[in-house]
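Letters are used for the chains, namely A, B, C, D and E, taken in the order the chains are written, and counting of residues starts over at 1 for each.
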């Protein structure tokens, strides 16, 4: 009985960590620009598919990973410069539409350049499951968890304790004042998209051995990542992690104990319930608007 | 001349906000700019600090043409603006706001300056961990002032620093402005409180509908009929 | 008139989540239309192929079907990668009265029979029957069912449940997973822990098939694992990362063509298709492209026999298809059977050492 | 005379004129079909624009209401044998009540949180439609009987065309009435500043709920029409992508512009049909078109062109 | 008889006591000013009175009715209106429409008649617009009648807010720093306006740091410091109060 629960928990944590990683990418761009980048899922896709592509060219795994990440970061830069920057002060919905357009564009391009099949990437360290308390977990899941923890700590330090991190947040809250402080705001935006692309690509590579990858992999992951980011409170790296795990675990528990047919619905209902009670997410804090 | 502005024009879309402005600010001088609402005072400061493009003319800092420089480069050269309307980083702490003021400076120096700011504005120390957005209007005004001083400006551009401040604090702000000037900081100040501004200013300009219509020493303008009628409301 | 082309209309899931169906289908159609034209066409007329990309979305398929029928004025429809897209256009096709050969998987497409609608892929009904027979031969009578949430998956699930009684099978667990899910361990754990379960059957297709196989292995479940013809592509084995070993499924002869004895009636046709497809596209065949091949060939046959593209005549000839050897099986149609395949057209295969092995 | 000089009246007359003469230019039933879909989408968008454009509240879940309306009609008519018109109204009432119940908590959210909330709401609806196969036919969808009122059936495309065209005109007329009334002004005030609106006596929560319900009912009615017109329903009518498509129509056409919503619906319904010539490049071109329009005409097609026209006239 | 009465009002934000044990009352038809150092709690007090915040404890009475915790939009029906220190303009509308919103409660805003464009609604709209234009003229905004709010200069926007507040025909008008950012001659126009408003019998509660304005118009002045009442009285009394000089005015004689 307990083993079963543990298994559901492992399953939930694995999936949740993936959502969390994608959610982190949303958080970074949001932190710099208040933009929700709906093309975040495509970064994940580019990371995974890029790795598959470069391995297919006969390159060793580490090099392929490096190239795939670089490719994604370049795409991230391009997205910022050519799609987001020109529309900086547009309303939220307009920016949502632009980034959705970008995601369709990127997916279309990937389908054109690569194929539309599913691909797998070898696990980083074997695929023999590890048994804990009667439940099994894949080494790759531990990789994901480990990397997630490292990344979130790094990001937390970056945003709260480094000048560059603070300048990113400052830019999102008040670009004018940020400029007057000498912050090169357009560079900040560029960096944040690059960073977020880097994170997305890493997520894509980390999860490819578990979930397989294909040109459409970003759609669902992007959506769930968005859920994670919002649930935790936008722009809060810790929140994105908590949100991702909450979504992942509630999905797994629902599938395990209630109804697998309605597991996605239950996850969304939980999100709705949380938002109804805490309109700014779990860690969003109160608004600071004054009149 | 530290700051030389020649024939400067700027516009928002098709609306011309500045037309052919000539302004000089000498090293160590305190120059005031007065004008009615919508005259273009803010626009002039924004054009000097580089957040608003000039459509014509030039801005020179210490004989160096900076018209095409980005705002961040100008900040590095010491052109620091205190913007109008309390532009704080709302959801960040008071302390973080101040730290960001020293973005272009060494960390160690900045740490020293922040203590100076806390002595100068004790309220800020008290509220250092509070979110800046929840400060009262006047507290936010002090914060933006302190944040700008964190950058150790070579020329400080003040846009209505006394707006919304209690009388005691208005005095204090003017006091600070005088002190800064005594310490050699060059200041170019936009102020609605024309009395006080003209009183302490070395020189002053009057801006009307995007054009400089009058200039002179502070005292001269204080006794100018037109100024008295239009800006002093007597 | 001899100059007039014979128009073949198609909408396929060339992009989107079901592109692994639509992509090989389109390639197959392109390839063979070109081949037939280079050999002189049909009835001395060239074939003209018009393909629209429905992205697998039934909603998009509908206007495309209307466009093909009333604007492009095609003579026949060879279209519909998915069951959903096919079902959505059936009312239009029936109203317009035009022969329509679908590549959709589920049995509902032709059962009950619709006047103008045919299909080439084996139905899930056949697949389930085949699987049940295999299970019975191994003494299995209690199974756990896992299915995805796509159209094919659901239809397959329904068949598994509906046919269970007749086949003397009991379904002791009935789990599903969502679109784009990346981990099914929770569902498989539940199946594993269901009382009396003797085998697991997975209804679904695409990338999820490999993930299920991987999770199955990861959890160390030691009961037989069945999947359907939806998994009958090499990438299933490759992507399952070893998890596919021992999985059994019914598949078209095409999938195991190299393992077929020379005496097998489909050997020649299937090898030829495989050779051509792999040479032209450089990618491995899947059974899905085969559906399109059979559809095109059935249509060409019927038109040739009818000697005209008159829709009613072609319909009549399609229904007279008799012992037509395709890559999916041997078709014998009738006014009450618009598929024409039976269980015999499937072979049961098992994954062994990273490849398909034909059973018996 | 005075009424004629108003831009809205001119707009509605031009729209009526376009609807009246368009059939002369449509060569075959396929074109009618596309235009009818434009009309149905436009009805949803006119309603959605009240919410997004005027009141400033995002909804990424409106396809859920469209789908619910559609399935309500489908199920009541085809399975329970209700008269279609009654089913349509029942669907609208049901969706209205549901939207009303959801509105209070959902409309409390702001910005991206609201986007998330409405998105979740739409997805839950679409999951229910997918899972309740006994009722809805599941992912395979369900056939729907033809529309009829007291025995009259809009048999061919042309009759449908007139019907949808007429309803679109009514929808536009209603929307314009609302916008140019104190209610519409209150909605726009809510967009501008909620606290200032409430100081002026506007019950912000009530108005937000109101417009949420109105836009949901528009979507539901359009959904019912669609169900009968297409004769077949699948849950993808209610899914996330359809919601996104609807929002894109509104934003592309022009927020806070009733005619923008109509134009947006037309462009985005026609575009995929036009892009088929690009074959493999279709997605690429579609995505690029979306981005470029929004970057260079960020207020949307109609308002941008309108102000360009005004400038040119001056 | 008091129009507005506040009893033992408290408000704290996570440890910060923005308003502490505040009690005072306002006599109808007078100009009642509230002054005090920055952060003394003046704006917070406004937010409590107008229902933007609900108090931690204490009561607010309006014409002897308890209006604590009544939502803001309901208070408008009682005739309570205000302007904001951080301007809250409807930038998505024209200037006249901004003012028309102020008149919301006086116009027929029933949903169904509006939806069907009944002529009564259209008539109401015309009247509402005329009234709004009239008010704009009254406060000197006639040249902005055709303007969009987002193209107006800052100073004009301050007047626009006042016009909007007046459009609701309030019984009491709360002004939060109306003269901030205005030069002395513009401030004297505000001075005139406040007096005119008060002459019409509207009670004015004014928060302002411009002492020339405050001392000139106020019938009664309340001084806050750190959320608490520091002093109360006429302009003359306040001007001489050593506590007030110490905490707020400063020793330097200001503004003439």
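Assume a residue touches a chain if its C-beta (ideal position, glycine included) is under 8 Å from a C-beta of that chain, and two chains touch if they have at least 3 such contacts.
Everything quoted here is computed from the prediction, not taken from an experiment.
Engineer: From subunit C, what is the lowest number of touch steps before subunit E is reached?
Structural biologist: The fewest touching-chain steps linking subunit C to subunit E number 2.
Engineer: Please identify each chain that touches subunit B as well as subunit D.
Structural biologist: Chains touching both subunit B and subunit D: A, E.
Engineer: Averaging only over C-alpha atoms, locate the centres of subunit A and subunit C and give their separation in whole Å.
Structural biologist: Computed value for the inter-centroid distance: 35 Å.
Engineer: When the C-alpha atoms of subunit B and subunit E are each averaged to a single point, how far apart are the two points in Å?
Structural biologist: 29
Engineer: Using mean C-alpha positions as chain centres, tell me how far subunit A is from subunit D in Å, no decimals.
Structural biologist: The computed centroid separation for subunit A versus subunit D comes out at 31 Å.
Engineer: CA centre of subunit D versus CA centre of subunit E: separation in Å?
Structural biologist: Roughly 41 Å separates the two chain centres.
Engineer: Would you mind listing the residues of subunit A that make contact with two or more other chains?
Structural biologist: Residues 108, 111, 261, 264, 290-291 of subunit A each touch two or more of the other chains.
Engineer: Mind pulling the subunit D residues that touch 2 or more other chains?
Structural biologist: 131, 195, 280, 282-283
Engineer: Where in subunit B do residues touch at least two different other chains?
Structural biologist: As it turns out, subunit B has residues touching two or more other chains at 134.
Engineer: Provide the residue numbers of subunit D that touch subunit E in the complex, in ascending order.
Structural biologist: 56, 173-174, 176-178, 180-186, 188-189, 191-193, 195-204, 210, 256
Engineer: Could you pull out which subunit B residues touch subunit E in their complex?
Structural biologist: Its residues touching subunit E are 34, 36-38, 84, 123, 130, 134-139, 141-142, 160, 163-171, 192-195, 229-234.
Engineer: Which residues of subunit C touch subunit D in their complex?
Structural biologist: Per the stated touch rule, the residues are 14-15, 51-53, 57-60, 62-63, 66-67, 69-71, 83-84, 87-92, 106, 108, 149-151, 153-155, 158.
Engineer: Once bound in the complex, which stretches of subunit A touch subunit D?
Structural biologist: Residue list for subunit A touching subunit D: 30, 36, 83, 86-87, 90-94, 96-98, 100-109, 111-112, 223, 226-227, 230-231, 234, 261-262, 264-265, 268-269, 271-272, 275-276, 279-281, 284, 291.
Engineer: Contact residues on subunit A for subunit C in the complex?
Structural biologist: Contacts found on subunit A: 4, 7-8, 10-12, 14-15, 18, 108, 111, 115-120, 122-123, 127, 129, 136, 138, 207, 209-212, 214-217, 219-221, 251-253, 255-256, 260-261, 263-264.
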